[in-house]
Amino acid sequence: MAGSVFGEHFKISTFGESHGPAVGVIVDGVTPGIEIDESYIQVQMDRRKPGQSSVTTPRKEYDKIHILSGVFEGKTTGVPIAIMLYNTDMRPEAYSDIQNSFRPGHADYTYLQKYGIRDHRGSGRASGRETAARVAAGAIARKSLENRGVSVVAYTKEVGGIACKTFDEASIEKNPVRACDPEAAIEMVKKIEHLSSIGDSCGGIVECRIRNVPAGLGEPAFDKLDAELAKAMLSIGAVKGIEFGAGFAAAAMQGSEHNDQMDKSGFLTNNAGGIIGGISTGAEIVFRIAVKPTSSISSPQRTMNIFGEECEIRTEGRHDPCICPRIVPVVEAMACLVIEDHFKRQAALMA
Amino acid sequence: MAGSVFGEHFKISTFGESHGPAVGVIVDGVTPGIEIDESYIQVQMDRRKPGQSSVTTPRKEYDKIHILSGVFEGKTTGVPIAIMLYNTDMRPEAYSDIQNSFRPGHADYTYLQKYGIRDHRGSGRASGRETAARVAAGAIARKSLENRGVSVVAYTKEVGGIACKTFDEASIEKNPVRACDPEAAIEMVKKIEHLSSIGDSCGGIVECRIRNVPAGLGEPAFDKLDAELAKAMLSIGAVKGIEFGAGFAAAAMQGSEHNDQMDKSGFLTNNAGGIIGGISTGAEIVFRIAVKPTSSISSPQRTMNIFGEECEIRTEGRHDPCICPRIVPVVEAMACLVIEDHFKRQAALMA
Amino acid sequence: MAGSVFGEHFKISTFGESHGPAVGVIVDGVTPGIEIDESYIQVQMDRRKPGQSSVTTPRKEYDKIHILSGVFEGKTTGVPIAIMLYNTDMRPEAYSDIQNSFRPGHADYTYLQKYGIRDHRGSGRASGRETAARVAAGAIARKSLENRGVSVVAYTKEVGGIACKTFDEASIEKNPVRACDPEAAIEMVKKIEHLSSIGDSCGGIVECRIRNVPAGLGEPAFDKLDAELAKAMLSIGAVKGIEFGAGFAAAAMQGSEHNDQMDKSGFLTNNAGGIIGGISTGAEIVFRIAVKPTSSISSPQRTMNIFGEECEIRTEGRHDPCICPRIVPVVEAMACLVIEDHFKRQAALMA
Amino acid sequence: MAGSVFGEHFKISTFGESHGPAVGVIVDGVTPGIEIDESYIQVQMDRRKPGQSSVTTPRKEYDKIHILSGVFEGKTTGVPIAIMLYNTDMRPEAYSDIQNSFRPGHADYTYLQKYGIRDHRGSGRASGRETAARVAAGAIARKSLENRGVSVVAYTKEVGGIACKTFDEASIEKNPVRACDPEAAIEMVKKIEHLSSIGDSCGGIVECRIRNVPAGLGEPAFDKLDAELAKAMLSIGAVKGIEFGAGFAAAAMQGSEHNDQMDKSGFLTNNAGGIIGGISTGAEIVFRIAVKPTSSISSPQRTMNIFGEECEIRTEGRHDPCICPRIVPVVEAMACLVIEDHFKRQAALMA
């Protein structure tokens, strides 16, 4: 397969380029009888959409979703749900001056090498806009998980070297960087605005917590729950790393420290991040991802053009100086897709 | 599917528990006409096998492989290659005293929760012995990659807080921890031996470099090359994190630093780790994984038994105090499987 | 997975109900650089669309296709191609009187049993309208196959007991039943019109020939080329059987008759239908499918309603008295999808 | 994938050539806790094994199975079950005289075209011996289906033009052709013995009935239950066609005849063969397959050799003059695999 299908049972197929007519998704394998409507999905779309604040791009993609199938009289019917998002704020001409050069950090060069042909409008299929389809599909998974009592929350943990010092969940959606520490959030905004003003960008760390997943989800060997979450997260454009529980810090720990011991109340610690041997322990699933700085910056950079000549490039246009706040709902969506799929896989195994 | 099949085109299925009669693998989709024999594969098996040095477990599993199909007169025929490894040093009775308790850090608890039934001999399917089958399959992929000019090398980068300071590739297979710095290796061995003597263990970091992968391998959206490598690595039991190129350090970098600029000679830096937009750039692919400390330690730990009672446990037996040196060939094997698969996927796309 | 994804490498995902807003398809894995436009695909859509003649339903679904992605400046780019068909002639109210009864021969009963919920408008997902998406996807595969020199042609071989006696390929698209014998076609039309006038319907046999497939396509064991074609054909709603080459007649033949002997010019006969051991021989691939009589008939039939009561039903509305002429392009489309997929699988194997 | 993996959830991978050391299978996704042992599986193996009677080949492959994993203390554990069958009656030298010629009806030519390399011993991977692995895997599925109350029975319906006139289920396993009519069986044996004596062979028709499948199994669109059964059956070497219920006879029927009407007791007829719209109706699932005459015959045939020369060939050796009696357990095994898989898929959908 060619990479645009994800999931075994709760299975999605996506399509669409940033500057074509639409992006969209088909969601197959959805439990019939789930109550869902466009407004429920739209809430998640609005969390991802551009133009939410001073730290996100001012592009106006309204990301209005249209359900074309699989829902009847407000309930899922069990057949594929297609969701469409028409692109309304395309400016392909804005890219005409860069159509012949490879933007550093972008997939321009690798796509041309792979396909031998290039859709130079925006980033084509490599655009972050592709994640809108994931968020739409993830919202359906999220609704099903809500019915199971599972919650998924992600938030910015660190931006440009500024780390959250507290975990104030209630504040996450109230600050423009979606940080879990409102005071750190203020510093983060300042840093992002400053970098934006000098034509630069920054990266960060996003953390995700999944609660009330029962013990026993995930597969041994290759489809371990953490392996599948890792794939899901690394499949998001700007993500360069992932760690579960103690993560890379485990490398410097001793077994007596890292092992999560138990008593009658359950695990005494959660260094494993809620997954052992690839299977959920019943504890909170916790992971963090490394988000690279936005590649599109307006300061000049050295590059090549398609004619093999060296040149300089500035990526003008409307770009997020830090992608963390908008990647948060994408992380949640991908996590929802993986967990919902594994509920179904476990049901199939035990049937 | 239930998780024991890996790969799209170069596809493997594994089976086997640590204390059953055998472990093994079926490798499907192998290019016909590749010259291969048991001795080529055995070299890789011997790198993974226990009992290689003072820092690995003294168990004597000779890991002698047997090819049962798919090779005729020294060449692959294109049909499935089955490889079998009979277990010869099983001591299931050694596990009888722990059969009713959940060993901290092990999958005992999660397997019982998942399956409702438990094969308590060793770790059953969750044993590291399962990776022997991966190494056998990976050796076939490696042979094909050699024909393509691709090389894959992994090594220990850090153990118990001791980091390599140089990259001396020639020294890797000459020291018992497979570190890339022979001086650091000496310190690492001391540390591991000390921890072992006090009934404890430690983790580490393993790095992998894949060379001569042409630009253009990998898929957009979900099956990005880094996403697939991440899944492959996190599917190895003790791995708790992965990062590509600059990895988590990218979170504190600015776009102007992180972006890999180009001139006529190619990329000027490799912060991306050889993959942009999920597709190989032609530069070296570089990633690091976090390896947790071995869960089996002989110092006492608190846990529960299957009757719901609190108890104390010591995991006696023959265990590696640090799994890094033996995980190195497993990392290489999984990397080979992913890269070989993507060569074939690219061929299918362009056909 | 839930059944709406087809193909390994040339992979399609479909969605849509007959009386929802749209049906559509995402086609993934398409070779980049293929010249294609909407008009090429529209030709195939028009062969499937209703209202072509007196023997097809007068519904006016214009089946106008819209390409939403994956094609740029007249060429495929290698990323997913989404094609949308908006439903323009929906009359859900026409089905209100049958919404509580199970139409004989239709999937009303089985869908309710499967999903526990029912979209009663038309046949929902079980409608023949779903095949429009297949024809659109098949047209892309057909274009690629044309570039390879492969042709796929299907035609009506028998209708209501009237069999073609000649094979006049040029006449197929010139008669309303798409029969390969223009004289038989006249009798077929009479029969269909008569049955239609008395509120009944009839079945038939459709044959398909695939030419210039090189020897060597198909896989041993489970994914034999004939096995995959069989699945593809039986996945079309009204198809109840398939046979290759001599087919069921082989059951009464002797080995000395059935075996296709060879001389320097190739195979002397083609009882195998172009596939031996699941792999193409290089000879023409020939198979026939059994098409059941249209289930929707206006004469009264006994059935049950959803309240468990016996009742009588007449399926009024606009229906094809014989589905053969419209199933022809669907058979061709599915055959194209299978063959194109196996070209790519073979390329992957040999890479 | 390369074709040796079958099933979504109840997933098998097979390997092995007729004259290599072994054939075998890995069965993944088996429900944990099913009571199974080698003797239960051996019963099915013995039904398929050669040398059962005068109408089957006298080769002595004892087909003794060995379970290597996934079963502990008499119960399935939920992890992959590997089953091995060592080849004990190999005579590769018997094939040395035909190693350079293409046997008519065999896959010798197509395999060489596909792979460019050839394992000429027996039929290699294309040998009927490959089906032994299927029967082993099918026995596990059968055991699970028994727990669900589902039964699967196949039998010879017609051989060499001689058709069964009654359906006497109790007699099936008591006559050497596994016919459902003991009187017809006597004629069939005579015919087969006669053809064998003159160096020829014959084909036949095998029918399969699956009982107590609840309404609602199967998927819409591509993975229809009949589509999946069709693929499963056509993946068996000698099968050239399949039909469900009325099958090809439906082509000459009218809708008013073919539609299965209902009353309170259920469907009044079963022309659909137990599947409508790809989903089980709850009625008996009935299908028939066309089995070609055995390709290996000792009378002389024209063919080519690998040097491009015309020649004559006689396929000496130990071959079944009619494969029907031995294909019966293979048909049942494949049917069991498909039905068990769809039970699990339905569980996943509804979870």
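Letters are used for the chains, namely A, B, C and D, taken in the order the chains are written, and counting of residues starts over at 1 for each.
Convention: a contact is a pair of C-beta atoms (placed from the backbone, for glycine too) under 8 Å apart; a residue touches a chain by one contact, two chains touch by 3 or more.
Here the structure is a predicted model, which is why all the values come from computation and not from measurement.
Novice: From the C-alpha centres, identify the chain that is farthest from chain C.
Specialist: Relative to chain C, the chain whose C-alpha centre sits farthest away is B.
Novice: Name whichever of A-C and B-C has more C-beta pairs touching across its two chains.
Specialist: A-C
Novice: Which integer distance in Å separates the CA centroid of chain A from that of chain C?
Specialist: Whole-Å distance between the two chain centres: 38.
Novice: Per the centroid of Cα atoms for each chain, what is the distance between chain C and chain D, given in Å?
Specialist: 26
Novice: How many Å are there between the centre of chain B and the centre of chain C, using C-alpha atoms for each centre?
Specialist: One centre to the other, that is 46 Å.
Novice: Where in chain D do residues touch two or more other chains at once?
Specialist: 1-5, 8-9, 14, 29, 32, 78-79, 114-116, 125, 220, 345-346, 349-350
Novice: Can you list the residues on chain B that touch chain C in the complex?
Specialist: Going through chain B, the ones touching chain C are 8-9, 29, 31-32, 78-79, 220, 343-351.
Novice: For chain D, which residues count as touching chain B in their complex?
Specialist: By the definition above, chain D touches chain B via 1-5, 8-9, 11, 13-17, 20-24, 26, 28-30, 32-33, 66, 68-70, 72, 75, 77-82, 84, 114-119, 121, 124-125.
Novice: Considering the complex alone, what residue numbers of chain A touch chain B?
Specialist: 1-6, 8, 14, 102, 104-107, 109-111, 113-116, 123, 125-126, 130, 158, 160-161, 195, 200-205, 214-224, 226-235, 237, 240-264, 268, 271-273, 275-282, 290-297, 299, 301-304, 308, 310, 345-346, 349-350
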